[in-house]
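Input: structures, listed below.
In the two complexes below, chain A is the common chain; its partner is chain B in one and chain C in the other.
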Partner chain A sequence: MVYDVNFGWSGMISEVILGATKADGGTRRISYRIGGGKTLPFLERKPGSSVPLIAFEICDNPQYWSPIVRNFCGDLVNDCGEWAQAADSVYKADMVRLYLTSTRQRDFSDIASVGKTVETVLSGTSLPLIIEGSNEPKIDSEVFLKCGEAGQGERLLLGTAEAGRYRSIAAAAMAYNHSVIAQSPIDVNLAKQLNILLKEIGVSRDRIIIDPYTGSLGYGFEYSYSAMERIRFSALKGDADLSMPLICSATDTLTVKEVREASPAIQDDIAVQWEFTTGIAAAVAGSEIICVRHPRTIPLLRKAFGSLNTEDSGKGE
Partner chain B sequence: MRTVTFLPGYRKIEIARGSTILDAAQRAGLNINVVCGGQGKCGKCIVYVQSGKTSFDAQKYGRFFTDEERSRGACLACETTIESDLQVFIPESTLIQEQKILIEGQETAIEFHPSVRKYYVELQPPTLSDPSPDLSRLLWGIQKTGGPAAEKMYVPLEVLREIPAILRHSEWKSTGTISLVPGGYRLVDLQENDTSKRLYGAAVDLGSTTIVVYLWDLVSGKIAGIASNYNRQISCGEDILARVNFARKNGLGKLQALATESINAAITSASNTAGIDREDIYEVVVAGNTVMTHMLLGIDPAYMISEPYVPVVRRALSVATGRIGIACNKNGGLFVFPAVSDFIGGDIIADILACGMSEKEEISLLIDIGTNFEVVLGNNEWMFSCAGAAGPALEGGEVLFGMRANPGAIEKITIDPDTLNPVYSTINGIKPRGICGSGLIDLLAELLCTCVIDRTGRINSGIANPRIRTSGHFPEFVIAWAAETDIGKDIVITENDIKNLIMSKASVHAACLTLMNQAGITRREITTIYFAGAFGNYINKKNATIIGLIPEIGIDRIINIGNGAVTGANIALINRRKRKTLDEIAFRIAYIELNAESSFMDEYTSSTFLPHTDLTLFPIVQKLLDTCRLAGR
Partner chain C sequence: MALKALDIYKLLPKRNCKECGDPTCLTFAMKLAGGKADVELCPYLDEAAKSVLGATTRPPIRLVKLGIGERSFSVGEEFVLYRHEKTFYHPPGIVFKIADTESPDRISTVTLRVRDEFFTRVGADLRFNGIAIENASSSAEIFARAVETVEKIADLPLVLITADPAALAAALVHCGTYRPLIHAATSENRKEFCALAKQHGCPLVVRAKTIDGLAQLTRDCTADGVQDLIMDLLPESLQAFIVRSTTIRQLAITRLAPDLGYPVFLDASIMDLPDAAIALGITKYASIIISSPLSPAVAEAALTLRQNIYTDPQKPIQMNPGLYRVGNPGKDAPVLMTVNFSLTFFTLQGYLESTRLPCFMLIVDTEGLSVLTAVAAGKLSEMLVKDSIKKFAVEEEVSHRKLIIPGYASPLSGRIEEATGWKVMVGPRDAAEIGEYLHEEWKR
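Now for the complex of A and B:
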């Protein structure tokens, strides 16, 4: 049966380019153009429609990371260059997302090291990068500027702007030609408000990725799902201030009680299943970048995406 | 017992140990400002203990004081218990002051058609050949002088008992007062000789903060006097909830007495000014919110403040004034406006009567803002209403330097886009002490237009200007430097204040949108927005639109009706036909419970943005803001 998968919608998800290849002035071996959808996820079965990207999350100070990942990845976690390389060549992620957890130490002031870390990861992998700056308003500005500077020309995705702190990250993104993750607390209106704020200080629409905040499965994920759905619907109905692609990062997944307290023999499996189920659901709701921390989640998600999208024709440019 | 001496007036009061200073002050007849009803939340009841022993948790309430104030003995009157004899200094700022009370209603020509009339009759004394009884003789006389048909007039026993003596003593020349009550015509009074020129009525706006009385000459149809004063119930709690809780604890009697006392004081003051004997006032019409009128009538309001929020009575009521202690003719009538619900009371019905929206074909939106707000949308066929809590921010509460519209309050303000220097004016033109609601609205709009704050109300700390700084946890904007003020402190607005204001304005706007959705109309179909109440009277309409307090419909179509409650009461007092329609209006209005409306939260969140998340609802404001941004930073 043939039916109209566009349901009369006139809007389109705006396109955002992540990563810059040599031709674009960067050093990445690939870049992605996400967005462009005109209907719900996985309904667009025509050539060129892409499946969600899988980003593998690493950090530069693993003391803040789940022991499950530390155990699985072993010594890699102490060298973010090698970790990034493994994410690329061994775990087969589409992107690497670096959390600068080192900046969370009390009175952190070694801004120069931030630049070095970013450079290390850039040379460890040639995949496009997402960089998460500090969580501390006092050093935000310097950290973001340093990240932006170190990744100049690479079309990074910088995170994370919130309604309470968006000026410094936006300034860094605009100065060095990067994109920005805009996070709001699971609410379609608040997501839109932040996009308007970013627009008004000069960040263009094709430089914003919406993070509606993802609660992990069993811990509020259904709210996130509903927010993602509503954002996607608003975009398709033509609301330009909500038309940006979505990113999902259920960062609490590996610390939920069910995973934390699982018996050691099955803990890894539970962790992977939890992350996978959250990720696939977010993709169905409209998320175009799914972030994971357990390497074993990546092949599962990839297989699932392939089976949902019968005409996967590759996503690189 | 402990003796507490209050300075500077040296007023003394004896009170049990363990009572609060607030209790003592109230007993001493001092009107302390207790916005929160004495719960230690508002920090407005600061007093200085100069000698004696008290117990006060300075740690817990430290945020309300500077160290210097603490060292001088500052504490909160409501949270300080008395241990020994005390000397307490009450600063002027802690006392409730003369407030700008809006007594002016709207100037409208109201058709004069009162429901009380006096008839002077000169009767033939009875004789053996004309032995008809006194009453028939009197009623026929009244009918002949133009009064209602004799058989249609009811005469209560109390009046009947007085008839024979008065008629004979006055040698059959007397004046009867006939009132039209729901049951029909009623002879309410009989006086010797011709008093037909002396007939007055009072229209009362019974507000939870202020009371306004208009005295009307019901013979000439002219206003004879106006007076206003505070609702003395304030001493039992600033807001309605606090007062109902007070009534629950201490009984309704005191609140009922304070309500009548307050009305009586206003009536007396208006009568004295106009040179009128209160005995000549035969009718009192009261418009007040539902809890206020319940309390006035001595009907227990305790069940109204919890779910499912049901009032005891909704329809209009007529009772003898003597039964509730109103100071006027003992046989006078009291008419109380009907209500729609707990939250849409007679004051709102009076607003509707005043603006006439229930008689017009075009659609109007009526907004009455105080600590609570009420919104009514509709026309001559249908009407929806809702009410909610706007929070005290728009009246100056929960704002660091917020204050009521008292002398010294900044009431108007503009900000120079280049220097960010404000130009402001204060009530009475004295040095500023704080900012009141209308000033806060101006401030919010000006800060937005000058890009000092973004659309979520956050201050852009990146702007290099001495007025923008961070103190404590929040960035703030300095409106007046200490040297220009009356309080010796910089008057600032903090990011947190702005957040509170935005939450207040968002609930009002979300309520408007919820009613519009319910009726299935857009802002384009609204012909007029009526602002009722003091708040609406003083605010800048353009700025109210810029911040998204109200839907954008063009400022020339926003009309202030002033004190609509008293205007409505005036109309009902002097025009009995209009009064008759009130019950019908009240019953026609559908009440929307915002708590039960799932879309309200959504509308609220989208309204927590300046002016609104959906910018297409504010096309003119959007254009204006774009221009400001181009011109400035």
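Now for the complex of A and C:
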């Protein structure tokens, strides 16, 4: 008897390209094509099926960052160009995700600095980038346009569109040829609605990455895990409005009680294990970009993804 | 395909004799339809009816119990591939492995750790579940002695890992009546292992690298009279595990391959990446996970993941609404309002206890939603707060009329004040700051 499962899927995860190399008019040394899956994560055994990308998160105003990371990374956190470079050459991430935390200061208005920061990070690393713009609707439009412009030709992934505020970011993405992260609070229907809104204003499917919002381990992760599974399931069943690849960023991980109050001797270990465990579980649920903030989480995830795709023959192109 | 209760009822003897433990044949039929009973419980079923019913009504994955007494646990009896389709019922047991070549001291230390250590989250004590003893010495005598050492210290579920029937027999002398799990029967030693498992009434792991091989083994073992089986898939990589485990789960729950309807065993300690294997085992259908004694960092993350994945997605873990006390609050003690989501309650309670200021916690019924979620969903309203104050007779407990509400509920502060007539004080957003807040704002 042959034991083979046939789930009867008819859909496929849509493909999104992140980063542009010289050949595509950018300056990145690599670009990634993610998506394309036709079944549950890691069940595909065909050579060349991709493993999740690991994105290292940095910011331009470390006041808003976890003290655990500030201690671990030291002075680097004060210079996002060098920090991005370390993420690439020392921590060995696949992507760098820059949070423009400087824009969170009260009455922020130095829009020109946003462009400079993005340029600094672009020259600090030649990896594809994710840029997180402002958190404040009043300055969204200017900030996103600036980011889009500074990264013109680089096929950035811009974050984050939400149901109430997606127009500015979509406009910037379309004007400068970037992709967007579409975030909704842990609900498959809300994720779908937002994708439809984006489609209606002209953002094409191969330019969207879904962020179903990741509650951190022990603080809502179970909901996020199932939301990811449901989205992947709907996509495989053929729902084109949910067929985009998923991104997971458990941004609260380093502030949960178990991590924040850990004894100093093992605080890094705890932080890393919480990020790592979340990352593995999210990958298994369908996330294709896993974001982390502790450098030590990267090699652990890298090895695990290697063992989860034993027939991998490289994902870059 | 699953049968409906009425179809099943037609096949039952209709004696209503209660011998199955149910009051009537019909209620028994309803249980069978839900996969919650075993046809074997009715002594009057004829063979023809049994074979029709057996295959379709028994749970698609057999329930297997390990150990006896307080720390015993059961695994299996799962019905879905995705937790959102229903829920996952039986969390995997995490079992620490020690070699019989370790010193008695070391064996005792690990045993004591599994017996005593726990980690409290959301009101639940999360524990490791048992001890696996590996016959690394290849000596029956040393193996038996190690088992004896563990047995003397604690009544924990055991896993006996050996390929040697003689060593197994020697170990079972010490623990055979306590339902240890035997690991593992293979195509080579199956006869002897089945005989021992049957003699002692123990659950048995079968091990093979292919799904075919596993199905063959479970067929042979059940024919030899051992029904309580668990399957070791011998994965050579994390991917091999996820592929085989998912395949088996899907075939079992769709009843396409009844020979695979048994829980899955995973020895994470022999995998390349044990920590990743544990997380994968938890999410992807392992029921018994063997690991080396875990560091505190890995242990906390793994136990929390297990708790998350095995929570019922339809109902958040909830508290009964009511007025709770922290310490021995008097008439002038502060009253803090929050929601009945357990995670919120226990987080806030933890911080309140460390402030050492006795107080009341007024828990209102938001159907288990957290503060922010309840506010966003409109489940937290001024009328709910007003009714709760009345229902739980808060006005008789304290002489003041001041209510501290969570920072995230601040949009409701004016309305709560109007509806209740109480003065509302908006607390911090993060419960970690509650101590400081109370000392500064309440004391004044």
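Following the convention adopted for this analysis, the second predicted complex is superposed on the first by the 311 of 317 C-alpha atoms of A that agree within 3 Å, B and C clash if a C-alpha of one lies under 4 Å from a C-alpha of the other, contacts with A are read in each partner's own complex, and residues count from 1 in each chain.
The rule is short, and it goes like this: a residue touches a chain if its C-beta (ideal position, glycine included) is under 8 Å from a C-beta of that chain, and two chains touch if they have at least 3 such contacts.
Predicted, not measured: the structure shown is a model, and the values here were computed from it.
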Discussion item. Quick check on the superposition: with chain A as the shared anchor, is it clash or fit for chain B versus chain C?
Written reply: fit
Worksheet item: Which partner reaches more residues of chain A, chain B or chain C?
Response: C
Item to complete: Please indicate which partner A:4 is in contact with in the superposed arrangement: first for chain B, second for chain C, both, or neither.
Response: second
Discussion item. If we overlay the two complexes on their shared chain A, which of chain B and chain C does A:209 touch? Say first, second, both or neither.
Written reply: neither
Discussion item. Tell me the contact category for A:300 with respect to chain B and chain C: first, second, both or neither.
Written reply: second
Worksheet item: Which partner does A:80 contact after superposing on A: first (chain B), second (chain C), both, neither?
Response: neither
Practice prompt. May I ask you to decide whether A:43 touches chain B, chain C, both, or neither, giving the answer as first, second, both or neither?
Written response: second
Worksheet item: Does chain B (first) or chain C (second) touch A:219, or do both, or does neither?
Response: second
Discussion item. I want to verify one number. Taking the Cα centroids, what angle sits at chain A between chain B and chain C, in steps of 10 degrees?
Written reply: 70
Worksheet item: Which of the two partners, first being chain B and second being chain C, lies in contact with A:276: first, second, both, or neither?
Response: second
Practice prompt. Enter the shortest inter-chain Cα distance between chain B and chain C once the structures share a common frame, rounded to whole Å.
Written response: 5
Worksheet item: Overlap of the chain B and chain C footprints on chain A, residue-wise?
Response: none
Worksheet item: Once bound in the complex, which stretches of chain B touch chain A?
Response: 454-456, 458, 460, 462, 602, 605-606, 608-609, 613, 615, 629
Discussion item. Considering only the defined contacts, which chain A positions touch chain C in the complex?
Written reply: 1, 3-5, 7, 40, 42-43, 45, 185, 217-223, 225-226, 229-230, 233, 257-258, 260, 266, 269-270, 272-274, 276-277, 280-281, 284-285, 300, 303-304, 307-311
Discussion item. Help me check something: in the complex, which residues belonging to chain C touch chain A?
Written reply: 82-84, 121, 211-212, 215, 237-240, 242-243, 246-248, 250-251, 257, 260, 271-273, 275-276, 279-280, 282-284, 295-298, 300-302, 304-305, 307-309, 311, 313, 343, 347, 350, 370, 376, 432
Practice prompt. Report the residues of chain A in contact with chain B in the complex, numbered from low to high.
Written response: 163-164, 167, 187, 189-190, 192-193, 196-197, 200
